[in-house]
């Protein structure tokens, strides 16, 4: 669920139609063979689409809806339900900071607020150069690295705000 | 096209499965084995609070109001997800359950906006009804309520207010199971969950959403702010929109009729009705409806005394063209009023419109009482076919007077206009209009008011051959006489 | 001042007459010179009833001058004389959503019982202590919402602002 | 006392000391997949019997005996059915499955193959949470190796038994850790739990019988089958036998995952296996089984034995075995605030008591920030929590209510001072 700061006005829909790249189409076909029905492949397909375009806009939804003949409202429901599917434009790198019990004990929340102030951005809104989107997440399952942060797909051990900012400087 | 899923209609009466008897709050009730426990309680008139359960939809089990306790089962469980078994002892009046329902209702009302003064559902709202019985009268909720988008027009005459929604998912299940159009869904997670429509509503049964929504989240745009429901009285009658003949109730008071809602009818329409049927009340109390006999003076209709019309018509040979929207009793009375005099009577049947069956309820054949009419014509020995009508129309001459009963609901005006053009040759033309005075009636000499479907008691025969009653509500057109009154003019 | 009957009997006719006249003369002189007499010279001197008095209705307004009434019809439902007729319609401001297009009270039918005041959930209608409602027979006796809310006597045409608002109600509770 | 953690002949981490054991050849050289081959000669019923005898209890959180759960499964071998591995692991404080799968994915795959053989499921999915991307890739590679070796796919080891295994990534929702929530998510819908009855063993994924087990439960199957149920019972007590992975975090010198026999005392775990309290602070409280387990104060923590019965006796639950240690510098009000914020964020929104209740519980702490909370709000918390329990489809409402009531029972004064601390009088 997006946290309350999620803007409620209609997200800007890029109008040119979306389509899977050739490679993604292959993986899509292979994905279908894994399941006994088409709907079960929805989550992996949405992951695939998000890796290709960064975030899931209206045109992505209509494309997947026609491709898998799933009603659009069902896809919108799924996208808005899960934290890792984004229906708002996000930066190139997704930085998830854990603010749950073990990490908050070691300053996870202060680090998250500090990063927001440092990059002067809000929940999930990309920084001006479109490089980073910060996301406040619940327990990321790496409590021994508390306070823990995830950058794109890997865990990053940080000790405090300065080490976190240092780690994010190197990102492309 | 998928097998028409008429809810419970096509289902032949299953052999009476063996009945089981169970105790509910100490009262013995009987129910079919394996049937829904909550349905059994409601059928036996036991009051069980419920929001998400609806007999015509699947079980969601999310509102958690119908919790019951069973001897030997420590945990309370929702009765809508349980089936009837032999000798079950169920209680929903124990203090534990009462407290649970009270707390759950407070949870329902927690983020519910204080909209009762401006909400159309007030008076028949599920929250209001249960609040009186199960309410926590001193709520401790002093925080800011969660806000969601209010006043949204989602098309097809339905307004959505996501803040009032208690997320019982009845509407989402309706668009998924009954109309298979998947237009409504619940976005987001937790208490930011919100009912939304995908672009807009497109199906023909959208206004059923307004009926099944237990709160004021989905309200009808046509009825918006028109009247408070406690000022209205319901008249149970039948829809004359097409040959299905759904059982409906029309809410009306002395100022007029305001809305039409379906009534559960096991054999014909189940719980639903189509959107076209929702407008059948409009002509009954509309200001442009003919209220007294009137004469056509170069295009303007001026009220005139009936007797003067009778004198004008004397001596001409009368011919009648009846519509298919009349009741069986009216046909019988009309034919008996002719008392066997040699006169030609034709039947104007409306043309077939759109698909002959849309898979749920709507049918293309718009003649409400076609079978009743054909039977009455045959009994009285008149020709009810199209050729018979054409024969009468072609043989019209200047010394004939033709009475045309205008169909109450005209979906296809130009087909009717061809009929009117054909009657030009007659010497004197009289129109018996139950509905509004249409512009095309200018060619008629006289207009005579006749009662609309909401002002007469009688029966019509629907497509299955079942007779469905029409009941008169508050009659406003006191002056209008029924068809047989004009039938007597034959021997004047 | 109760005449003592035994006094009158014991002192004979003349004394009784004298006592009666004395009381009348004293009252007359006092009224002439001390001005505490009961009568009011209406219309120069008017009697002001307390707020409890149930007189002519007023439709209160919000700070921005619009009617507070949401046309929820509770007053017309509760009115024993059924003399309140309201027509509701969509309001331009989505926050308000519903407002009365016309609010009429048939002043001749109204029994001034104050039930509408009790029924109103948002303190939109009150009975003021105004009692001057006389008029000619052919006069239009149905008070529309303009007269009920913005007549001269109400804060000379600007209407009476009622304070019950969501913000205030929440503030009160906290 | 000898450091009994991570002993080589324990059930789960016995291969963890071998470098590169995620590669199938090294895993086989160390004795991997032998048990699987032996089991294929055994009768499936015998395997089920052995697991039942071992008394292995579900390691996901409820602690329901795996053998009994397998007993509910349909016996009809050629009916279409599924075996799901619950690797969602979103319970705050829990990271044991990640630690297990990261280093040694094959033990899970071997466990699933043996279970599939016993239960005759044709297809299996490992539902792993979306955030564990690298772990999903590790599992994906391990499964490819297993397919290459012929341990998966059609006609495994020539026994005419085929079993396909795939990895399915979730997308960040704690509710998908709940059995039926995961099934809804696997069906491509919102991960909202389904009504029970019918239970998944009878009507689960796509309406077919589905067996859902936790990673740790499935990973223990190979050891049990190799050494027999009796050997497994040598650890732990009669009712909670075997070893358990504990993920310890918070104020300890060496947070991490340890494998110790059940009913090891919490005192030993903290002092011996985790190197004692961080910079020597005094222990104040311990959350024994993840965020949904009510909290222990210092006295209980020292005497409790970490097994299902003793922890339950002390009023909490072993849950997923995630121990969060809190020293005296920690403030219990903060801990409860974070827990309730977690449950408010993660409630799936289906049932009204949980959807609105979790929001309301957390609103008391939001009011505290604005300085408008009062001491009486603690009673409101308690009353709301108790009216949420047992009213919903899944146990998230209970998981939100129990820690609240537990915290109020143990640290009531501290909560009251915390809540009314910043109220501007």
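In order of appearance the chains are A, B, C and D, and numbering begins at 1 in each one.
What we mean here is this: contacts are C-beta pairs under 8 Å (C-beta built on N, C-alpha and C of every residue); 3 or more make two chains touch, one makes a residue touch a chain.
Since this is a predicted model, take the numbers as computed values, not measurements.
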| item | value |
| --- | --- |
| A-D or B-C, whichever has more C-beta pairs in contact | A-D |
| Most distant chain from subunit B, judged by the mean position of its C-alpha atoms | D |
| Where subunit C and subunit D are represented by their mean Cα positions, the distance between them in whole Å | 72 |
| Centre distance in Å when subunit A and subunit D are each reduced to the mean of their C-alpha atoms | 25 |
| Rounded Å distance, subunit B centre to subunit C centre (Cα mean) | 47 |
| Centre-of-Cα separation between subunit D and subunit B, whole angstrom | 54 |
| Sequence positions of subunit C contacting 2 or more other chains | 174 |
| Per-residue overlap in subunit B, given as positions that touch at least 2 other chains | 186, 188-190, 192 |
| Multi-chain contact residues (two or more partners), subunit D | 173, 190, 345-346, 348-349 |
| Pairwise chain contacts under the document criterion | A-B, A-D, B-C, B-D |
| List of subunit B residues in touch with subunit D within their complex | 59, 61-64, 67, 75-76, 78, 81, 99-100, 103-104, 107-108, 110-111, 140-141, 143, 146, 166-167, 186, 188-193 |
| Of all residues in subunit D, those that touch subunit A in their complex | 89-95, 97-98, 123, 129-134, 164, 166, 168-174, 185-191, 206, 247, 249-251, 255-257, 287, 291, 322, 324, 326, 330, 334-335, 338-339, 341-342, 345-346, 348-349 |
| Touch list for subunit B against partner subunit A, complex | 149, 182-190, 192, 196-198 |
| Subunit B contact footprint on subunit D (complex, rising order) | 173, 175, 190, 195, 197, 344-353, 355-360, 363, 366-367, 380, 384, 387-388, 390-393 |
| Sites on subunit C touched by subunit B in the complex | 70-74, 77, 88-90, 94, 96-98, 121-122, 166, 170, 173-174 |
